[in-house]
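The same subunit A turns up in both complexes below, where it pairs with subunit B and then with subunit C.
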Partner chain A sequence: MFVEAGRIRWNSTGASKKGGSMGQPFKRVKWTTRTGDLLFSYALMAPALIVLALVVFYPMIKGIFVSFCDYTFKCLNNPQWNSFGNYKKIFESNAFLHYLGNTVLYVGGTVTSQFILAMVLALLLNTDIKGRRMFRSLFLMSWTIPTIVVSILWSWLLQPQYGLFNYVLHSLNLIKDPNMQWLSNPDFAMGGVILAMVWKQAPYMIIMILAGLQAVNTDLLDAAAIDGASYLRTFIHVVLPSIAVVLGTTVIISVLDAFQQFTIIFNMTAGGPLKKTTTLSIAAYKEAFTHYDLGAGSAIGVIWMIILSTITIIFNVKSKRLEE
Partner chain B sequence: MKRVVWLFVVIVVSSSLLFSAAQSEGAKKEKPVTIEFANWLISEDNTRPAMQAMIDAFEAKYPWISVEITGYAYNSVQDQLLIRSAGGTPPDVAQIAPLWVASLADMGALKPVNEILSPAVMEDFFESSTGGTYIDGKQMSAPWTINPVLVFYNKELLKKAGFNTAPKTWEEMHMMAEKIAALGTDEGGNRIYGRSVASKLLPGAGYFFFVDMWQNGGEFTDANGRVVFNQPGTVKAFSEAQRLFRSGVIAPGLEIKDNRNLFALGRMGFHLDISSMIKTFSIMSPKGEAFKDDYDVMMVPGGAGAPGVTFSTDHHLVAFKDSKHPNEAALLIDFLTGAEGMDVYTSNGVDVLPGRASALEAPYYKKLDSMNSKFADALPMARALPVQSAAFNAACEEVAYAIQRVCINWEDPAKVVAEIDATIKGLYNQK
Partner chain C sequence: MSIVKKNIGITRIVTYLVICFFLLLFLFPIYWMFLASLRDNPTVMSMPPKFAPSITTLQNYVQIFSSPKYLVYIKNSLIVATSTVLICLCISTMASFVLSRYRFPFKKVLLSSLLSVQMFPIVAILISLFTFFSKMKLTNNYLGLILADISMSLPLAIWMLKSFFDTVPRSLDESAAIDGCGRFRILVEIAFPLIKPGIAAVAIYTFLKSWDDYMFGLVLMNKNSMKTLPVGIAESFMGEFVHNYAGMMTLAFIASLPLLLLFIFFQRYMIVGLTGGAVKE
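Our next item is the complex of A and B:
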């Protein structure tokens, strides 16, 4: 085996003519400094890989395994294969599709709103407006607040009887009912949780887009200006293509983040009213820890994982093409 | 000479007996036993000193037993106990909500307390609180503290609505609640509500609605544990709730803590809650301690001429099957639930009611104020929630879902009750 430019290759001339006991040619390994370096680097990575295998891969594989089993507290140490029973259970009723629909609505609403808001604010912060640094710090604040605090804060703001939201809207004559229901109204509840999530996560997108905007090649901008391109044309034909990769990465991370969101939804609405905000994360939790059916909870988790993996793979393929 | 020999023999025998006795005592001391007690009291600021004091008192009484306290946040106790039981390393004793007992019992993780406590101690527990965790002929947990749910009512709002006395019946309470809601707003222009019903999609909202169900003659399970949710009484309770929600007597979409806030702000006529709220309302209300003059407490009034029925949200103690020290675990449970333990508990500023009749002998219970006395009087009457099945939690969430369908989506109560009954029966495998 030879190592060349960091790659290991077998040296065909190294194969012994004598052959091995099984008739296989012996492969002589030529030990080089590079081989040593490579093995050393694997040795350095090994602890991290072992920890990763224990805390990520093992639970993941166990989760996939138990999703095919009767797995409740009665048989916690002895899961029994149940012939796709958990999957049949979640697909038999239309509930799963309802929860998936809610999830798509939540993810779509959150990421779209976040993207528009973040893009506008990032473009503003990328100009020479006064107090730019102060605004940057201010916009970051909501991102630093723990998610549980955000959910409590927004629950209070949207509280119908003594919440600030109703007080302000009613004072401005924007709503007639001073006790307007937000989180307990089936039509508005999803909007309420999306609002809280956007408030919490938009700063992340602002930072990413701002970083992308600041890396745009100024030569291209100057050239566009000399050619007399309008702001809009420059933005569409120069700025957007330059930051496309950053935007893609940011959006995919936000999609994954929103898909997994549990804390905000559970604390604000617990999946209600009328299960209108029951997303896959809430459904998986309730199957596992309210119904105590860990197998069915895992089955929802596995389907959820497949969806997220598919999104990630599609994104990776697309972004690779974009980079090329 | 003979006497001297006898005297010598007596001295030698006595000394050796004394020496061996001292040695066995010494051996006992040399082999101290350590037991682990998992609870959430040690994790909360207002109960931590009481918890530590109780353990100090226990260790002083039983010097060979050391108690290692493991603190968990309330919300994570069930998960922690399940995980540890599955791993074969549970604590010896744990504080627990009765709602979680069935899931641990299903795993076979618990040692029935009737197997380690004496019959005298078992008979001392209030029967009303042991029933909920009596599973397959075994008492799986021991009631430690009992929190009966009673009706808090705002006397000032009642007066404004033209009433000088508390309601005597469930129907009268609703009539008064409607009059209170009809007051409209308070001086600050804030809306006033008649009574509270929690309607967030959580199990707690479901089992609090049992009070409405019971007062209307409904039931959740029968004596054999079969689900009997779909009854005229249950439909009547949902119909009544729908009417009160629709007319604005009850605020929709609130969870228990929202209703507590509204009551503390003086914007709610009737509110069902536990005794610890007496202190909390004084903290929450803008009037502070003076708010106590504005409200009072009463037993849940009965419906249709029947006596009022309520439930209690208790804290229990459990022992684990894998405990290596079941006798010491039993001593700890006996001590904590008995008069000595409850004396230490209550003398450290925590207002709790005991799970055992004899514990009422503790000095604290001899000088209860009028409001707390009413809660103490309700101890033998409050029903334990029927938590024998691990499906109870999910069933209660279905009841909360039914409240939302009837009181937010205005669906037909009879249809909703029938559908939810079928769902709950499915959860209980009783189709």
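Our next item is the complex of A and C:
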């Protein structure tokens, strides 16, 4: 209503001015409508922009700034330039490369296993089975479980003495030790946090790929069938190109998601054992809120942002080429 | 012919078997969590595990619902999540309507910078946001966490609603405008009622994200009376419930319940919301 009132007022004042000088009613109407459109657009965009500016863009720019400064809880009001001290600190001990390696392992592990699992299940669900909608809904269930619950539920399932995971594997004779350590074992902890993430996120990929498969043009499939193309050939030459864009979008969303993942790792292993599961988000959080060095935490964030934006830009360029 | 038919029958059975096997893997942990919430600790920790459904006690639920601490966490989470949904819906409806209907300078820049928000490292934002909000007295304040949650859902909400507004024919706006309907009334009375499924999808998506938030809650709310449920769960997992798996799973199940209920009743919109953004039909 406020915007509406504003528009009318604008129209009347604007019209009298413009009308007086030009004396052409037709142009006058057009001009005021255009200005009104602009004002209306910016007025309705404003709340969204203000919130994002306050909560995302300002802190991000401030973060880049303080990553070059001494910025600890002792000197919050007076960040001082420390000539790349934070970046030196991060790179000196090779810690950053270690964390980056963990992150790549985590992202690669979750996205690859999700992708294979989801692709197989989506293809199976796309055959002429009965109850597809029911299966689809049931699969989506684990995706709705809150992340904190996922991490606690899987900590319990992977618990050495009372966990179900060891019981099942031991009954199937897959492991010798019935009280196998998973999350506190440096070799397997990463596998444990990947498992929990895949359990939560794979359903999302199943739904996306299935939606893509169902949008494939059936005329093309019929034509391929009439030409006697085998299942594999049809898949490679007809289905895959049709769902390439969906696959790309889904994978990039999952990569960004896994990169940002904090809750699962922080609550299952807290980055340990031996920092084997310390990804960039865990490292940045610990630097800032456990070691109280906000500058160094921000520096990790800045390098991380550079990596992520490079990935996203490459993806955008490639997907544009695909769409053309 | 009969051999071919038999083969098709077998592949179909194998398809069902494989699907059901994976379904079991995905659903069993939820069942196991629910079952543990209805049992006492000796039963929960017994080896070999008792898989058959059985109820030994409701004490876990009584314990949590009679503890003021957890009621406060649940209340805080509900306040934050519902306010986030309402405010986010208003803001994103307005923004997505003009992005769908009007041309104005910097529109393309705005649209792409909205998407870039998702690749900003949340932890890095959080570090500066914490100091900024501390100065503005927005820590331990519902408004601070609500603003943070809104900004995390807003970009995708705007994109989703924009694609719904794009499906509403422009001729409707134009005929309304000729009848003397103002711009804002076109949005409220003509376009908005036509995108109700989109509104539902965005509302559910925002609620899910806000209810799920752990990180912002952890940093922005450190007073006990202001903590949200996910932070409370994580703390009791390390403290009060450290060896009490039955109690832990009860709390976990209570936290999942609102989302499971939303899912059971509104899954149609959820799937529309999920796939609508990425799949062009």
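The rule is simple: the second predicted complex is superposed on the first by the 290 of 324 C-alpha atoms of A that agree within 3 Å, B and C clash if a C-alpha of one lies under 4 Å from a C-alpha of the other, contacts with A are read in each partner's own complex, and residues count from 1 in each chain.
To be clear about the criterion, contacts are C-beta pairs under 8 Å (C-beta built on N, C-alpha and C of every residue); 3 or more make two chains touch, one makes a residue touch a chain.
Model, not experiment: these values are computed from the prediction.
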Side-by-side fit of subunit B and subunit C on subunit A, or clash: clash
Partner chain in contact with A:Thr269 - subunit B first, subunit C second, else both or neither: first
Which of subunit B and subunit C A:Tyr292 touches, first, second, both or neither: first
First (subunit B), second (subunit C), both or neither touched by A:Trp154: second
Most subunit A residues touched (candidates subunit B, subunit C): C
Touching partner for A:Ser184 - first (subunit B), second (subunit C), both, neither: first
Which of subunit B and subunit C A:Pro47 touches, first, second, both or neither: second
Which superposed partner A:Gly36 touches (first subunit B, second subunit C, both, neither): second
Subunit B versus subunit C as contact partner of A:Tyr162, first or second or both or neither: both
Partner chain(s) touched by A:Thr72 [first = subunit B, second = subunit C, both, neither]: first
Which superposed partner A:Phe91 touches (first subunit B, second subunit C, both, neither): neither
Residue range of subunit C overlapping subunit B upon superposition on chain A, of 25-33, 61-69, 187-195 or 259-267: 61-69
Set of subunit A residues, in rising order, touched by both subunit B and subunit C: 76, 159, 161-162, 289
Residue ranges of subunit A touching subunit C (in the complex, touch as defined): 1, 3-4, 7-8, 36-38, 40-42, 44-45, 47-49, 51-52, 54-56, 58-60, 62-63, 66, 76, 117, 120-121, 124-125, 127, 129, 135-142, 144-149, 152-157, 159, 161-162, 164, 167, 199, 202-204, 207-208, 211-212, 215, 245-246, 249-250, 253, 256, 259-260, 262-263, 267, 280-281, 284-285, 288-289, 294, 297-298, 300-302, 304-305, 308-309, 311-312
Touching residues on subunit B, where the partner in the complex is subunit A: 79, 82, 86, 103-104, 106-107, 189-191, 199-203, 251-254, 258, 261-262, 265, 267, 390-391, 393-394, 397, 400-401, 404-405, 408-409, 427
Contact set on subunit A toward subunit B in their complex: 72-74, 76-77, 159-162, 178-179, 181, 183-186, 269-275, 286, 289-292
Subunit A-facing residues of subunit C, complex: 12, 15-16, 18-19, 22-23, 26-27, 29-30, 32-33, 44-45, 47-49, 90-92, 94-95, 97-99, 102-104, 110, 114, 116-129, 131-132, 147-148, 150-151, 154-155, 158, 182-185, 187, 208, 211-212, 214-215, 219, 230, 233-234, 237, 245, 248-249, 252-253, 255-256, 259-260, 262-263, 267, 270-271, 274-275, 278-281
